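Note that the chains are named A, B, C and D in the order they appear, and that numbering of residues resets to 1 at the start of each chain.
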């Protein structure tokens, strides 16, 4: 279990890195939504490997096919089934790790849990799995767009290089203008150079993706357990390599006094607004109509090009050598994944919020 | 919806701060577990208000009653129903905020979402709701104990006062020896003084609770969406006032290189171990048998004793005056809540891990 | 697990026959619904024992208390917690069956499943459990009434005495006018006499409850698995002693030709109607706006006043003697239970149907 | 929503009759199960159209492909994704019903619910959807076989032709020996002749499928709502054209006295057995180790070759003419579908039963 996400706008995914294919079922997409395949394709492109010198050179075409749930260009309300066939599967590349546990990968835990695993490219634990999320997330984004909601992520930190500016002082439309997906061009340059250096040293580094959702109406979120922030947190922590999540003032907020941190209400026309937004657009687990923003921490990629000690399935000491084509830093490609998962949560909670009314 | 948590060890809660009572149903507690009511009572005491000079002086007795699911001292496998009646409900204290939106509380969002709210003491959004979680969590802890698993939380930061030591260098059994619940006595003293100062200034401050689970077997966690870390994150983010969650190396880990961050495997007897534990005991969303540790950020309490501007339900400017008996810092009382939610996740995932086997 | 029902209008129940109390949490009742406690009390009265000479003479007062989720007479959208304390628990009556498996009761299966059981009065498997369903169902009925939907059940068969008339030829408002709850006064009389005779012979007999829902709008039901008829079937089959469910033409319909059975469409104003209703108001798993009707088969009550052979927990032959106060036929008291479960399904599906729209 | 079934052994399906393809994800199949593709293919053959003169002559090859979750012939514990591409889609056949509501089909209700529908061949409401169930059910049956559990269905009634014998007096291994799938050769002959006659009259007729599961251990079922019989009932009622479900003594049992109907316990070695089995192997919602048996009523197929009155989407009177290739009676092809859904329930509940133990 564990391969479905969402309640009313619900996805279920399948697929391994080097199996025949991956896919997703979206159950609960409202009928009548225009399904723009070009838009979905573009989202897939943003995630796919081989985009630039700072991402893996592995080629995956990520061609998706919609098998059901769309008729004459529109969603019908029935499940949308999508498949992405695997093509460039250099399975032989993985023979050398068939029985070894790569450090800080999921090899050991899958073996312990299931007693069997498809070791090729990490199998189900491969980041390739996120392609299905991005495909589904693209449809969620189309639905959100219909309701006037946008979601945009960007890279705000790579290693020690941290963008201190608030998203309010950035032009998020610049994000796609550089290969690191940082909307500050100066910082972007620095980050790219830094990752390139890391890559040359055959090592990897972590980073942070920030994300902002605008136009979210008040009322989304289901306390006490299914708070909007709790579900966003779960969504983000379900992405490979994520180690932390914070929203609004986050970990920094703990240092503040209540008198500084409280967001004062005022009215603008007939709208209730807040003067600051340390709440990150969510109060008591429910959206308040302000921008929702949050940060997601990604650890350094576990696959490095440096030899490492480890053990194999029978407990013998072995050396794991870096091989294949991997990312020195995951964050540029994580940007569309964070958006996808965020969009899935918002789409789901938007539908929920419309149900429980007299 | 949103008031249930867990899949196989599942709780559903109800209750407002100033209604007749609160309660919880635990559905899925295995039969035959010795239900130690004294232990549950003790856990409730750790959460309850009025414990010390640095917590609210409000008195809530938090007497629980088990109505079902226990026979001759043991769980029967049927739902355990528990109620906690409200007694010290000074509802009149809340007349002054009946139609006002207190800054950074859930007053506005509940009003927007539901169109009606029990304003007394925050109603459902009150931290009083967590008493039901602690009651259920105590039973989860009893079950975990049966399987040799422990979970212990402690205060690791208040405002700027941050305990830099790893949990490995602390004696966690010291945690309950001081009123701030910090296992380092020197830091505990500083934190207590600091909170006392904050309290006198009629303000509030945030903090961080750290938590460690030991004895968790490898194999808990259900990728790709229901990773153990994702569910722990959701559990923590569902607690009032929480703004962030990180596990293992967390946000700091993003600065590291893969070559430093990777946890090298070795064998000890027939056990596979890791030399470091930046993974926080979870790899690929599945426990690996090492200690699980994580941190939870709590914002400063929103109720301050200082006048604040706000608006009321009809959009007029109003002043909200601090009144009543509130915590200057939530973290000492949050320690048992973090443990309870962590225990509920582990109990649930432990049961799940036993099902899907041939 | 297994003690929750519904998705958006969701109930969770707890409680044993002779424990301290029973209860239910309703999570998802829309805010702003007037909660008429008198109405709920009346529904509870219809289910409670001791109503007439043909039901058990056991006295249970079934006094419920609403602990949360209602403020100033209206639902607040937060969970409604209700408890029903047990009072007339003659636990000593059950000493004689403490280790015996009563034939066709759940004693053996609970013992096998859980390894422990509260044998007093059947514990969790007692029909007393349905009091919580009726309490929750009453609130569902209040919500349905708000939307112009009614649900009415009645006894249509006791033993061989079968009411052949369609519900269309009955005045369902007569149902509550007699103690058997059959809207045909002549048949009612026969059924009452028959049950009385059965009672005197210290035996029991089965029966059928029919149910009709009017005013259900088209569009309720979630194919392919969560068809409206499938969920109604599950709801009914979850009631104690139920052995069968059919809707529309049911088992009789299999004998018909398609050309007879098909319900021909026509229009009445701008409404699409069907000339016959063998579909029972549901086509393709979705309500079509016609009356929904179904039948529920109840087996003879397992507790008889006649000695029976059996075995005990250690496998020895024993005699089970009938003792205590039991129903000779369950159907008159099952009428409000069938309505309650039907109302819960319709309330849930009504909310769901409002969510998945653009 | 509504396109997933099961809790721990959970399937999600997608696909329309005349879209690109159908498919299913199985999430929760235990790792290490030998996946016998030949066996799955054989199950698919039993369901597919064009098998004999009494089923539709439509050709669908029902070639499935496993895309994930299986490695070197065994399940890996990760989701098993399967697709069945549509090939023989004579979409033009359906132009004549594009805007008409066929009587007793789901055309009207889908249109009302979703506002849009893929009218070709019934779209999602087509029985073609059940091919994905049979594929998944085949894997469930493989798992059950591993645990010594079998499930076998057969046709027990067509129109008025009713097999009065109990399954105990039949040789169920004869079922596949004739095209109607009735294990009594004499009755089989009669049924086949009768259906052939119905077919010639361009009409259709209903029938009943009976099903028996053997080897089910005691303890499966999750009262109070998720009783084993309730979930079996839901599973069966989720199949196209099903109008009723009964288990054990069913609707006939209502006529019996408690003293006849009660299943007397005795011991055989250290096993507790019952002398009769009116309970149908389930007591209190939990399996008791005896054979589980139940019946499923199927209405006459709605598509007839006779002209019928109806209305179209704008409410005009129209004539619907029978066209295409359809079944005169659904039951022979329903046999493997009933088995598949039954197997999915048993597989799921078997896994659940193993979790909630100390």
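Everything below uses one rule, namely that a contact is a pair of C-beta atoms (placed from the backbone, for glycine too) under 8 Å apart; a residue touches a chain by one contact, two chains touch by 3 or more.
Just so you know, these numbers come straight off a predicted model, no measurement behind them.
J.: To the nearest 5 degrees, please report the angle of the rotation taking chain A's Cα atoms onto chain B.
T.: That pair's rotation angle lands at 180 degrees.
J.: Which chain is most remote from chain C in terms of Cα centres?
T.: It is A.
J.: With chain centres defined as C-alpha means, what is the inter-centre distance between chain A and chain B in Å?
T.: Computed from C-alpha means, the inter-chain centre distance equals 26 Å.
J.: Averaging over Cα atoms per chain, report the distance between chain B and chain C in Å.
T.: Computed value for the inter-centroid distance: 39 Å.
J.: Starting from the mean Cα coordinates of chain A and chain C, work out the distance between those two points in Å.
T.: Centres of chain A and chain C (C-alpha means) sit 46 Å apart.
J.: Listing for chain C: what residues touch at least two other chains?
T.: Each of 1-4, 7-8, 13, 28, 31-32, 77, 113, 124, 352, 356 in chain C touches at least two other chains.
J.: Taking the complex as given, what residues does chain B use to touch chain A?
T.: The contact residues of chain B facing chain A are 1-5, 7, 13, 101, 103-106, 108-110, 112-113, 124-125, 129, 157-160, 198, 203-208, 218-219, 221-227, 229-238, 240, 242-251, 253-267, 270, 272, 274, 278-280, 282-289, 297-304, 306, 308-311, 315, 317, 352-353, 356.
J.: For a test of understanding, state which residues of chain B touch chain C in their complex under the given definition.
T.: 1-4, 7-8, 10, 12-16, 19-23, 25, 27-28, 31-32, 65-69, 71, 74, 76-81, 83, 85, 113-118, 123-124
J.: With touch defined as at the start, can you tell me which chain C residues reach chain A in the complex?
T.: Result: residues 7-8, 28-33, 77, 143, 146, 351-352, 354-358 of chain C touch chain A.
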